[in-house]
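A, B and C are the chain letters, set down in written order, and residue numbers restart from 1 in every chain.
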Amino acid sequence: MRKFNRRMMLRGMVMGSGVAVGLPLLDAFFDTNGLALADTGTAPPSTFGHWYQGLGLNPGMWVPKKAGAGYENNIQLKVLDPYRDKINIFSGMKYFLDGRPHETHTSTVQIATTGAVFDSGPIGPSLDSKIADVIGTRTRFRSLEVTLDGSRGSWSRRSGASVNASEGSPTALYARIFGAEFKDPNAADFTPDPLVIARKSVLSAISEQRADLAQQVGVADRARLDEFFTSIRDIETQLELELQKPAPMVGCKIPAEEAESKPDSSLENIVPNSKIIARLLSYAMACGQTRVVNLNLGAQGWRRQGAPNTWHTATHEEAIDPALGYQKIVYGYIEQANLIFADFIKTLAETREGDRTLLDRSLVLWQTDHGDARAHTVEDIPIITAGSGGGLIKTGMHIAAPGEPCTRVGLTVQQALGVPLNSWGGRSNQTSKTITEIL
Amino acid sequence: MIKALRRAAFAKVAFAAVILASAPALPASAPSAGEPAAPMRRLTPEQYANIIEEVFGNSVELGGRFEPDMRVEHLNEVGSGKVSVSSTGMAQYNAMARTVAKQVTHPANRHLMIPCTPASAKAADDACAKQFLSRTGRLLFRRPMTEREVGIYVRAANVATASTGDFYTGLSLSLSSVLSSPQFLFRQATIEADPDNKGQVRLDSFAKATRLSFFLWNSMPDEELLVAAEKGELRSRRGLERQVARMIASPRLEKGVRAFFADMFQLDDLASLSKDSTIYPKYDAVVAKNAREQTLRTILDLVVDQKGDYRDLFRTRKTYLTQALASLYQVKLINDIPNGSPDTWQEFTFAPNDPRTGLLTHLSFVGLHSHPGRTSATLRGKALREIVMCQKVPAPPDAVDFAVVQDTSNPVHRTARDRLTAHQANPVCAGCHKLTDPMGLALENFDGSGAFRTKENGVEIDTAGQLDNVKFNNAAELGQAVYNHPATTSCVVNRLAAYGLGRPVVLSDREWIGTLTKEFAAKGHIVPALMQAIATSSTFFQAEARPPITGEREAGN
Amino acid sequence: MVRKSPITSVRALLALAPLLLAWVSTSASAEETRHFVMSKFWHAANNAADDCPGGVNPKYPELVPINLANLGYSAREIAALLERDAASEGGDWENDELTQILFYRARINGKPANAYMHPLAVKDPGLKAWGGKMAYGFDLDGKGETPTSFTDPEAGVKGVKHELARVYGCNDQFRARLRDGSAAGLFFWMAIKDAAPAWTISITGENLDKGGPVTIKISRAMEPIRYNGNGTARADMSYRADPDPRTANNVYAGEVKDGLISITRPGPLFMIQEPLLFPLFTMHQFNARMKMNASGVLEVLIGGYQPIDEIYHFCGSANMEAEKNFCAEPPGIYHLLVRHADYDRDPATGRNRAISSTYYLEAVPAFLEPTIPVGGASAGGTQ
């Protein structure tokens, strides 16, 4: 087989054929302000949430029987029924370890959040960071990270070395968002982004040539050019909207401060705190303070007060109930976590913004580490999305993609939110295949 | 009403089945006068990536997704002459353009990419912008930019610099507009007056160079080809032949051959091919990716490296496999590298008594043309007719009952042959299935994921079949029958011609195609030679009569 | 079709489902060898509901006060300790009062010592053993039925010696039905399977179709086993045989009879596994019995007398993590192992050093390429 000369390919022609371009430029393009699409001035902008809930779901109890639109939730996700039309369930996908040691509960989260296991090469930014770099550059907080168990744990990172630490206390979170530095979005002066002005000006260079080009082609091609220039015009229109003062954030309210329960890993405190956190994050987004939130359940240490086990230990120790066919205590924790997730979605859905809700413009990605926590399986991983991000993806679908890399969902979500990216992930987790069914 | 008409048309075709064995039906007319012979073509994702790599180097990330290709007359390359750019697609192209431009003007790279330094990094410098934009524009437009074009983009850089206060941001944004322009995203067949034939037009030299390089290399012209176009060398037969010979001998030919066969054999469809993982646990995304590459490597080896006979693709035992593919094919393939390393590609020759011979036994054929949970002799036969032999098989009529065919657990009809025979008891179905099934059934030893089997539901599989009048007993003999069939070679000629022209072959091309086919046979069915013949023929550069336009571009010839 | 399908022979041999077996025929004689790679591995359990009268052994939180009491703490001191622990922020390991006490709860010459390194220096917490009658395995000592022997629930073999089943059987982490694997078993297997060089089983015989004598070799591949997208083991993958001379003698005479492949002449086994679980896996009187199931997977029982220190390794080395999560109470387990060890008496202490044990394995057909040691320096095994 003939080999292509790599050296040849390293050279760029722009400076003649002798110049080699060596540097990987990964970091060069993450400070772009993304697609015009995500930034229309007419509708409030898309927001993104990443929900990390470790320890999986119960095998056999969450996959909807039917694939495609109009699925029915299996027992463990029935709690999401009220929002089913706005939710997608992905089943059958897997994390690829590629012969590397399986660091249980860790290797797989690395894949879920960065697309690759950390052991080789530079650690990429997590997907929420890449999304924040596109949609979060003009807000007060590029992103907000929160845990529900009071810890500072976080999977959000800009690179291997810089982790975006979480806030574990609702009181501290309140102070951070609604304290003295709170910027009322509706009172604020509006300064048009000079970069957007410049982007719009250079697009007119293309439109200017429309007549010249039309002259050079035949009738059939002229129609195609017309379509092309209409598409250019659409971008110009979107940029124009971005240059106007955005519509007021009608859903913005400064909430009253609520007393937190002790921020720790006991379920008795997690449940009330999670409700406060859901409300605070919703208002933070409704008030334009951030467009990206990360929720880390810190599920490993969850426990009921007085119970001999944590959720995590229960996955290892609890015997499978022979009558039920699953671990009863573990099931209870999952049920509780799913309730909290459903409650979060409900809070988004109840945050009204005129005739729409915050959920309508949100896209929440729910991910986990294992298919079956008891056995640390890396197959049949549940993934959920809630909300369409303001019409960026279709919802109400169950996508069954057995054996496919989970990274396909991450890639799809990032692309939908405008991250300039045509493939994502490392080794076998690398994919350039989006979930076309929801695009 | 429409349904009834469709049925009538279908019945006619079914009864006229014998026609199908002859030459493919051609559209009656060439494009009407006054229209260019070939439409402008949108760059395919691969072409876009190839160009960016060649102009700016291979460490530049594209970052973005492309609008999907559209297959027309069996080829994406023909479809590229039909598509435009949608609003969402444009947003993506523009984002990619900004991503690329940002990297090109990045502080770490600008000394490599930009031939000048501005007087101030905070203010416009038209001279420097012009130097960079005209130089880059020549590559991206595949011709020198006109003075007007250069002026427009220099002004764009100037205005953008003014509003952002940064020369490189302005330059980057201007470059992003060049990369978002139709002149870059579409390959135009620009024409000029033909001084040798008064009142006629011809492709200009740059359009010729572009057509050559995309056909042979699936990318932009290299510097030498651009210079040859600038010097007018492509106008002379000798100059053209010299360039084509050089291009055929170049290692870049591999990219061109890959692109054509991936298109012809529809290998990109593997990317979206799913299988039921309970029935076919070995099939996954990695295997699918490998299957595409297996077939392309097999083709490149035989067609380019060995300068072999195209027809041998249908009976060669030599191929290239990864460990994952080898397990699906149930053969031993040792990976002699440390643990945990990715699979490696290795040359592999199936044993003489192994049933795997030729492309038709690759996963990229038997798996691609199967259902998610079962084989399909009909789909395989149809693919063989349409993709390999360029013959048309009608679509099934409405409201057909496929229950028997689909029920793989049918207690009576336990093999695909039994089920299809039962289905053909319906006379409406029988006509078409005769066109497809007898060939497809010879491949029944390969299950829906391409793995070998000898039995279905416990019953020994009978792989006897027939292609037109030739009978055979197994896949190897089917491969031989395809090797012998005249449609096999005329088909690749037709497809390659359509691929090169970016439009379907029409009736008026018949003489040209006939000559090419004869020459192809005479030279031993060598594909690069066929490419060379097409690339040096006048039809390939045909520019349909259209009155020369006044106020032609200033630059170029 | 030209290629002779091996299906017929496999079916005759194993009376099983239609699938292709990877096989390699050796040219020297009419012998053929079929290779398999191990796709699952855990101890052979046969637990049922309520088979531990009075309930299973206590778990970590319940063991804490027991262990503290064994150290001489009074009820009031224990209550105070637990209260302080609950109120503490967790802190780091070195500064955590309760962790330090429990971690160093062994006593050597009256001084605190690492409990997991010195399990016998910890007062036996008295974990109870399993009293079942049916357990998988082999009549290892050939003595037939004895008061402590089991009957194999599937093969019906009597006189089965599997004392490890007693050690593990009343701890939830180890309780399971054979093919499900216990929580501990699954934990370890899942943690090592993607990176540990796969074990191989090679069966050679003149007529594997009809039955008769065979030789069975247990060894390792250089590569870990590969899996399909849906998590099942990938059949027909190619592996390189690890030329490590230490495993070269794991060759046993056996036979094929009525679809069952078994070792007829047990002998010593020397295998290397994975430091997380068994750095070394050795057995005296190694025995095996295997049969292919309807999905084309070889189901294997292996048994023998296994050194208790090799068994204890994974609980002991994971120390407190093991204790809290997947190993019951390691010192307590070690006491049980000592109590139930039934082979290889140490003349110095009078204690047995090995225990009869049975493991369950699954394996799938594979290709195995012999390799030669590179430069003679091969004892390290993999590259």
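We adopt the following convention: a contact is a pair of C-beta atoms (placed from the backbone, for glycine too) under 8 Å apart; a residue touches a chain by one contact, two chains touch by 3 or more.
Because the structure is a prediction, the values reported are computed rather than measured.
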item	value
Which of A-B and A-C has more C-beta pairs touching across its chains	A-B
Chain ID, smallest distance between chain and overall C-alpha centroids	A
Where subunit B and subunit C are represented by their mean Cα positions, the distance between them in whole Å	53
Intercentroid distance (Cα basis), subunit B paired with subunit A, Å	35
Length of the line joining the C-alpha centres of subunit A and subunit C, rounded to whole Å	42
Overlap residues in subunit A, where contacts from two or more other chains coincide	92, 99-100, 402-404
Touching two or more other chains - residues of subunit B	277-278, 281, 283-285, 339-340
Residues of subunit C engaged with two or more neighbouring chains	195, 223-224, 228-230
Touching residues on subunit B, where the partner in the complex is subunit C	277-278, 281-285, 323-324, 326-328, 330-336, 338-340, 351, 353-355, 445, 451-455, 458, 463, 474, 476
Residue ranges of subunit B in contact with subunit A within the complex	31, 34-36, 39-40, 53-66, 82-92, 94-96, 98-99, 102-104, 106, 108-109, 112-113, 115, 135-136, 139, 148-149, 152-153, 155-157, 159-160, 163-165, 169-170, 173-174, 176-177, 180-183, 185-186, 188, 190, 222-223, 251, 254, 271-272, 274, 276-278, 281, 283-286, 297, 300-301, 304-305, 320, 339-342, 345, 347, 546, 549, 551
Sites on subunit A touched by subunit C in the complex	92, 94, 97, 99-102, 104, 308-309, 312-313, 315-320, 322, 371, 374-380, 402-404
Parts of subunit C lying in touch with subunit B, wherever the complex brings them together	1-5, 7, 18, 20, 22, 24, 195, 197, 222-224, 226, 228-230, 232, 234-240, 367, 369, 382-383
Residue ranges of subunit C in contact with subunit A within the complex	48-49, 56, 59-62, 172-173, 175, 180-181, 183-184, 186-187, 190-195, 223-224, 228-231, 324-326
